[in-house]
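Same chain, two partners: chain A is paired with chain B first, then with chain C.
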Partner chain A sequence: MTVPVAIKQLYKTYTRRRWLGKNWEKPVLKDINLTLEENHVLGLVGESGCGKSTLCKVLLGIETPSSGQVLVCGKDTARISKSEFKKLRRVMQVVYQDPYSSLDPRMTVRQILSEPLDIHGLKKDRAERSAFLSELLASVGLSAAQLDRYPHEFSGGQRQRICIARALALDPKILVADEPVSALDVSVQAQILNLLKEIKTERRLSMLFVTHDFAVARFLCDDIAVMYQGRIVERAPAEELFENPQHPYTRALLSAVPSVRAPRREPPATRQEWPEREQWNCPFAGRCPYAQPSCEKAPFAFQEVAPRHSCSCGLLPFKK
Partner chain B sequence: MSMINERILKRIYTNKTSLLGLVIVVFFLLVALLAPVLAPVENPNNPYQLPQKSYQIAPQPPSAQNWFGTTEQQYDLYYGVVWGTRLAFKIGLTVTFFAFLIGLFVGGVAAYFGGKTDEVLMRLTDIVFAVPSLVLAMVIAAMLGPDIKNMMIALTAVAWPSYARLVRGDILSVKQRDFVTAARTLGARGPRILLRHILPNAIYPSVVVASLDIGYVVLTAASLSFLGLGAQPGTADWGQLIAMARNWVLGTPGNPFAYWYTVAAPGGAIFMFVLGWNLLGDAFRDILDPRQV
Partner chain C sequence: MTGTDEPILQVRDLTIEFAAEQGRLPVLHGLDYALPKGRVLGVVGESGSGKTVHALSLLRLLPPTAHICRGEICYKGKNLALLKEKELRKIRGHKISMIFQDPSASLNPVLTIGEQLTETLLAHRKLSKEAARSKAARLLEKVGISEPEKRLKEYPFQFSGGMCQRVMIAMALALEPDILIADEPTTALDVTVQAQILQLIKQLQQESGMSAIFITHNLAVVAGVADEVLVLYAGRCMEQAPAARLFADPQHPYTQGLLHSLAPVEKKVDRLPVIAGHPPVPGEPEGGCPFAPRCPFAFEKCRQACPPLFELGGGRRVRCWLQEGKK
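Moving on, here comes the complex of A and B:
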């Protein structure tokens, strides 16, 4: 049994060619290793600009990896032919963050949901398609009567349901969710999260769930990977991560989560910066309050702190 | 779609200036369509040929026979204004249509392929932009020879770059939006994305500019005709009618308005035509601007 998604030593660097002088280069993903297991939700957490969305794009084949492998159902997405990739698209679908820009404003819901079927030549019979679309819409909590409306007639939460329906039209095995609730109201967030959880159980989906909200991640995710500046710095089962966060960056993120009841456990660690540590081996050194002189030369490597829990900080284990 | 049409009509009715624009344009449209009824053709081979009453030089004031008077060499101004309306629509719509089409193609190709293709095509449009459009149109029209068809070619040649630039920009901004990426992850190929998602969302600003442009095209055409680079003497063309009035505009010593009617009718027609399209174009812009919705 192959895992749905395996990412091995993935690097992605954006380059811009210049007429004169050196090319402009920006490494965005560095040495990413991830596996997404069947019927699991893997949360990807990190601050904006850390490469979460780029990782999604590379996984979906919208961007090509600079080096390394992305294996979807055992197939290397960079090596297979276009027609084979098109078949693979049916297995892997996406829901984006902004429900306002992810639906074509000049298409009705029926047209939007029909498009994936048209592209892959499925359910060509008219009655069969109509029944399928009604059922699909019902499965995300909308009614078939809304099929001939335009996106602007729906609220943000309803639009996100339409996006989910579109992603499910091809009956995928993998769903990439790029911050699907961060643009929604808190009360609507809960509805969409419940819907995603339901769908995941019913359809046995594997999900890569990108978020910057720990509460959301805790609700939905089985495992969580924390990203910082294009690298995964810590990976653990969700509960384990919350109970026993190891990496200073993870701890900083957790302590920065605003809470209504409990006072902060420790002050947010990333207030202070040490620009002189930019060139150190540890990517977090520039903002790490625990950094030691040894961090400058220590190689970037993972160590297991608990079963299935690995972390890249050299100062482990961290004790409370 | 019917919903959008209803919204457009409602907007036009509730806004007085856009209603005025609509009335003016519809009026001119009726005149153009009913030209054979309003001013019966005297030369069936060329209805745009002005009937000549006599060979007397001096223009004659409006009379029961010649409602708008006659211009130099007794060409009937009423006939000229009526058939000139038809010619104005012909020039305005044809030039704008082809300029729009060329601009759509060039802008689409530039935005779609990007890179060097984009660079070359956009610099080409910059070159056209660098020369004042009337001057460039004059040069092209003079090179091709004075003729209505050549004048339309010259006008198209200077009008397309603004559409190319606009379409390119709009395509680039629509291309960034998530529904385009979503279509790609569904497995849609380039042509499908371009035709079904990008163009329908990128084309509307250009439609607004086109509706505003129709008036300007007719104005520029009249300028070229006035300069002798468009319609030939004796043609029912507004610019040509004003060109024939050139010697009489200043009137006689002591009475500057002696021959006012030689420019009043064709000049008024041009003025109203451009104004009508401008108001209507403004209305289109208000309606299609997403911020207004």
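Moving on, here comes the complex of A and C:
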């Protein structure tokens, strides 16, 4: 049994060609190793600009990796032919952040949901298609009567439901969700999160869930990987990560989450305070309040601190 | 909430309507509150609840289709709702200033940060350009931007989202206003940056003793900064209470629903409790409490008449028939 997604030593660098001189290069993903297990939700947490969305794009084949492998159901996405990739797209679907810009305003819900079926030549019989679409809408909590409406007639939460329905139309095994709730109101967020959890259990989906909100991650994710500046700095089962966070960056992120239940703890020291540490191997050194002189030469390496819990910080372990 | 505090801003029966094809759409119904000096009021609501319209109306920045049809906004004995445009200009940005949601969209991309900051200063104060520039540098330093002299010559695209928001705050505070209105100031930002910005606003607010109105859809954000919280729903104030009491013991079913639907960071839950249904669309025929169709406790009376705000003592007001007769 192959795992749905395995990412091995993935690097991605954006380059801009110049007429003269050296090309402009920006490494955005560095040495990413991840596996997404079956019927698991892997949460990818990090600030904007840390490479979360790029990782999604590489996984979906929108961007090509600079080096390394992305194996989806055992197939290397960079090596397979176009027709094989098309088959892979039935297995892997995506929900984006902004439900307002990811639906074509001039298409009805029926057209939106039919498009993936048309592309892959599925459910061609009209009656069968119609029944399928009604069922699909019902599964995301909308009614079949809404099939012939346009996106502008729906609220943000309902639009996100349509986006989810579109992703589910091909009955995928893997769902990539790039911040699917961060554009929504709090009360609507809860509805969409419940929905995602339900469909994950019902359809035995594996999900890559990108978010910057730890509260959301704790609710939905089975495993969590924390990203910082293109690297994964800590990886653990969700509960383990919240009970026993190890990396200083994870701890800073956790203490920054606003909460109505607990008063704010000490403010996170997460500003760029030590620019001279820029060249160190540890990407977080410039902001790390715990950094030691020994960090300067230490190589960037993962250590296992508990079963399935690994962390890239050498100053372990932190006590609770 | 000491009784001796003279309110710096008093809003009475503020009602705002939009002109639309279907006729007039009311978006704010008789909002009433007082903002004491040196306090922070948090206004919480979902999209469409009227929270942004309320913020814009305080400085009369409403779009042309909207107008204030009733009520008054009293600031130092002046009613801002009726003030002449010329008079109002002296107050906007000077006495009452505002920070908007998307910092990178609120700054002019073709002017340097320095030009934009000094513009505010030169418009309201008699200052030489050099004096304005050094004042601008001091302001940037105050909001935690290092090397202010160098940064003044830079353009907004060279700043990150959090830095842009710091510049916006510097701009809003340039003339030492009495009231700062912050409309979703951290929604577009990351959690760590959000924490820093919230802390910065709180710190500056305490240092200068100004008052602030904090508008957001996220209750958790308000919990950290506000002294008092007002919950808006469908253009009405549903509950108003001192922050600590509101979060410890919410009285209105809507507030309770909002609080419960927040995903907790402290523990894992299997299912998030949600508020069923969706908020009413403005212009729909009304009768009864706007929250009644979604309320788990609704009974006959709720569908017939909209409850008034019941005073519960301790600065607490709740718009719910369940509170009738309680003290």
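Here is the rule we use: the second predicted complex is superposed on the first by the 313 of 320 C-alpha atoms of A that agree within 3 Å, B and C clash if a C-alpha of one lies under 4 Å from a C-alpha of the other, contacts with A are read in each partner's own complex, and residues count from 1 in each chain.
Everything below uses one rule, namely that contacts are C-beta pairs under 8 Å (C-beta built on N, C-alpha and C of every residue); 3 or more make two chains touch, one makes a residue touch a chain.
Since the model is a prediction, treat every value here as computed from it, not as a measurement.
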So, after the overlay on chain A, do chain B and chain C clash or fit? They fit
Touching partner for A:L113 - first (chain B), second (chain C), both, neither:
neither
Which chain makes contact with more of the residues of chain A, chain B or else chain C?
C
Report for A:C313: first if it touches chain B alone, second if chain C alone, otherwise both or neither.
neither
Looking at the overlay, does A:A252 come into contact with chain B only (first), chain C only (second), both, or neither?
second
Considering only touches as defined above, state whether A:A190 meets chain B (first), chain C (second), both or neither.
second
Cα-centre angle that chain B and chain C span when viewed from chain A, reported as a multiple of 10 degrees
70
In the superposed arrangement, does A:G156 touch chain B (first), chain C (second), both or neither?
second
Considering only the touch criterion stated at the top, classify A:V210 as touching first (chain B), second (chain C), both, or neither.
neither
Which partner does A:R89 reach: the first (chain B), the second (chain C), both, or neither?
first
For the superposed model, what is the least distance in angstrom between any CA atom of chain B and any CA atom of chain C?
10
Shared contact residues on chain A for chain B and chain C?
none
Show which residues of chain A lie in contact with chain B when the two form their complex.
60-62, 86, 89-90, 92-94, 96-98, 101-106, 115-116, 119-120, 152, 163, 166, 170
Once bound in the complex, which stretches of chain C touch chain A?
46-47, 144, 161, 190-196, 198-199, 217-221, 223-224, 247, 257-259, 261-269, 271-275, 278
Enumerate the contact residues on chain B facing chain A in the complex.
177-179, 181-188, 192, 196-197, 200-201, 293
Name, in rising order, each residue of chain A that touches chain C in their complex.
47-48, 155-157, 185-191, 193-194, 197, 212-216, 218-219, 238-239, 242, 252-262, 264, 267-268, 270-271
